[in-house]
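Before anything else, here's the structure in question.
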């Protein structure tokens, strides 16, 4: 019953097998290998266009490199006030960007509303040199930190507003697959066709060991990124092994199967909790469930071996718990948990 | 016959096995796991003292984080003019250090001589605020980029000079094991007992997949490093897998066996080349051999499938080639190569 | 009728005279001069203790250097959401601090309430490595951007909370004199005796040409600042001229006289506006007056030659105008303005 | 007899008068004033083309902002090993540039030879991503730190080599006027017509109080510089006073007259030293004279009140002294000094 995070899960067997398979003979380092070329082609096919791809070992460095690359030091990144980049990366975007500013926006369900963005960007007097930073990027998380997702029309609306004000749209896709399989659209439709300019494509949380990709939908925008990644310490020397992870992740739509499983476990958890009288506090749209539970129940669950984070508190004295499912979550775990909840 | 780099080799079987073994159940991320605790203990045992350990995925980020942590932005790092940090990391130390300055020193055989360091640091008028940067660190590579090694007394001498001028001694140990098994001293003797303050301990080039450690011999010096690593994008979420690599690497002295093999292959290569009339241009003290070969011979060797870099040119029109051996290099490869060289 | 900003005023005659007087013969540069020594002594006397003093040419660089010096790159500076450092310095603190984060707090009348600070810092789960930045500094503006001032007890309360959480208290004193003469306390009482650790002491807005000082109340905290100022481009070569400005500013309490005049002009403006039915929207406690005027009246005033900024809008369709007085503002200007307002 | 530096001189009377004249009434800050517009026009006229002009208070910040603006963080600036940017600015270019690398080149008489630059840039294997920084700028000092000057053809040759390798040519013109009046060419001929892309135009050392200008010869290259200057803390609020200095400096060719006087004093010093048997060690081409004097003579001169720096030592036990003249140096001072030298 481990619902602490999707990064408490291990590595999907297919990816472990790919690593073993890649460990064969000698191969040039730093991305000068065939597997890396194949991954690049796979991403071009997935997104139905030429894209520039940079594999990196952590989601934090993916976001930080991506944002630094599209934001001048005097630029601002507008993001949700609970976003991972604003709250959980210890200032990595600010560091990689040479002192860029993250401007936090409020928003229900972990998402930025178009009107909020429009109002903030539309306040012309607050933007621009010499006194004020300039809007450079809007960053959205798909799925969001609250386990919710933006619809394609939402993304389009935010992209249009961003572009109108000279900013690009970045998507933090640490849980990209979880969002995609819900929307039942293509990866292209959820990204560049809706106006996304740069994407942090996550594999680690979804079943890989340590593999993320920064994707520029306009490859020209990637100029200089090779140097930025290297001096950011994020170019792996035995690069074939990160490429092998990503190749296996994408191969035969493994990533979508893994995401569908994680999501279905979240749904099952949501159903069980709802039946027990604890309907989730936010829509369950990816692989995260947030529910308000009495403190005593939390204590009991954790004493019984359930692992999860106490995220927040509601105004009735309950704990809002975060329950994250993964490719590795089992029906048995979920049912054991909801049974315990039902027992109260 | 792949002698391009030790990072063209794969991963030692014992380390692959450890990764598979680690992929079992759920484990908290970001280093909050038992394997990480065990690795920390192993390093304390190896170095015979309390040390602070930070696992990171690349040698570049290990060096950059280590140097940034011991150097204020207005500090200088003195290093060999051919050192990896000065030449091959695309400015990573300067970036991580907020604009620190790397001051390059000349030196035979890829090493800094004590007299050179003494003279440079002793020129008081060139140091210190407000106009000049201040010496903050001396960085040496053990083994060096030329495949040579510092003796313990050399390290001691450099450390004493550095300390006398208020600078710490950093060791870039991307090939730490290769150096250590040559010297036949303890890891403690080659480091803190000789005055080393901070070490980039390399496992990747020596048989791991992507695992390095920054080691502070005085744990108090590590204050703030946890945040620095995270915002540097170098804290792995599924941290158990980097810990598993390092644990297997250290376990039962696997790392020393791997290093001994690589070194012995370099020796065999050196012997064969010497017999063929191409004695190495620098002492072969680790797992790298540099030899001056006629252009035509280089062409022939590469046509026959040998992989290596043309490093430099000597003043007789020859190519100085770099031949790197690894744990994966075989006797057959070496012999095939030297036979081809002998045949001319 | 120029109320645009106190930096639209010129230079006090006494300071111009001091500059002319300083322009005599040869003097060593970069602060190695007698006038600089005298300024340092004057500040020690003013603050009734040993302080470390660094003269710099702009308020932005004073704030940025001060904050960068007390905040590690992974630190946060908590400040009011309308503060100059957050809004009007184009990201200077973030740049000088190597990517520090400014966390904006709401607050009535341009001031941070102790309870707000306490709540934000008390939310332990949101602070600290590896995932979150750490609180390093709280920055308050005295006088604030809304023309209000903190009482000594307010400062003490904020300092205590900051210190309790390991943060220092910085005061942006671009209008330090304007605040001080209102409170009728000593400079020591308004700063270090109330817990302020580092101060940006402003002279430019108050009658100098281009002269600010960073003051560390604990001189030990200033270690490294000499290098930081130089590499920040803020060490003047003909330093005697910035020292001369500051010396004349402090001499014979000129600065207090200048501040008193500016404040009294603000009071007169406030009185006139109140009589005309436009009482200021925030307390007038320094040299700034904010009033809500009908758009048509604003247009008329500006057509008549009044210069001021339209700061904001209230919810009745009025413009909130900002009117700043300075040492140079005359009774005639103020009366002409309020007469125009009264005429409607 | 003060020959310590041209920044030990004061301010030219015409510039002091201009400051007094500018101190009249109210003027908008931050460069929104008429004097700033006039200065911009004067620079366009001086350089016979549209240029972008940014006034800043120090030479260090002028160089740092200029270089940071034309160099990506992974770029290198090639410069002379004794250049001010490499040696005397405490790492300011590295800081402002986000960790750029300064690569130092040797060169006689303080100048970079075209062949040296060609050889360094031509070594293709040492440049470019992912492992190596990329050449972004070549910086030359006109006049150099050794008091020598580049001829127009020298500049053209360096510019051509730089441009061929994708780098721009920056000129550190802290002593621009001193060089220009020697060459007897136009300012345009010594800069953009010879291939200079960006110039730090110095006024402070030449008679102003604190005024430098960054000049982009292609105004499009200046995009973003307004924000960079502000967040670099180098935008003066009472900007009219820096504009007034520069306007007076340029007005009626005051700057050329001041430079001619300083140079003629250097010539007189050179003549006197030569007659006394101490011919300068480098050509005297601007306002600096370097001569090798016996230690005892140095002691005697300083005891007699002469102020100068002991720059270096020659290999005969002499001190190489640096003697800098300025607009303020008098014939009497020079003659008194050379008389003392002649007396031995």
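A, B, C and D are the chain letters, set down in written order, and residue numbers restart from 1 in every chain.
Note that in this section a residue touches a chain if its C-beta (ideal position, glycine included) is under 8 Å from a C-beta of that chain, and two chains touch if they have at least 3 such contacts.
Since the structure is predicted, the reported quantities are computational estimates derived from the model, not experimental observations.
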item	value
Chain pair, C-D or A-C, that carries the greater number of C-beta contacts	C-D
Same or different contact residues where subunit D meets its copy subunit B, judged by the half mark	same
Gap in Å, rounded to a whole number, between the CA centres of subunit D and subunit A	50
Distance between chain centroids, defined by C-alpha means - subunit A, subunit C (Å)	41
Interchain centroid distance [CA atoms averaged], subunit C/subunit D, Å	34
Per-residue overlap in subunit A, given as positions that touch at least 2 other chains	30, 73-74, 89-91, 94-96, 98-99, 129-131, 133, 227, 230-231, 235
Interface residues, subunit A side, partner subunit D - complex	30-31, 72-74, 98-99, 129-131, 133-134, 224, 226-231, 235
Footprint of subunit A on subunit C - complex, ascending	73-74, 87-91, 94-102, 126, 129-133
Touch list for subunit C against partner subunit D, complex	2, 4-5, 7-11, 16, 19-20, 22-30, 56-62, 64-65, 89-92, 94-96, 204-205, 209-210, 227, 230-238, 241-242, 307, 328
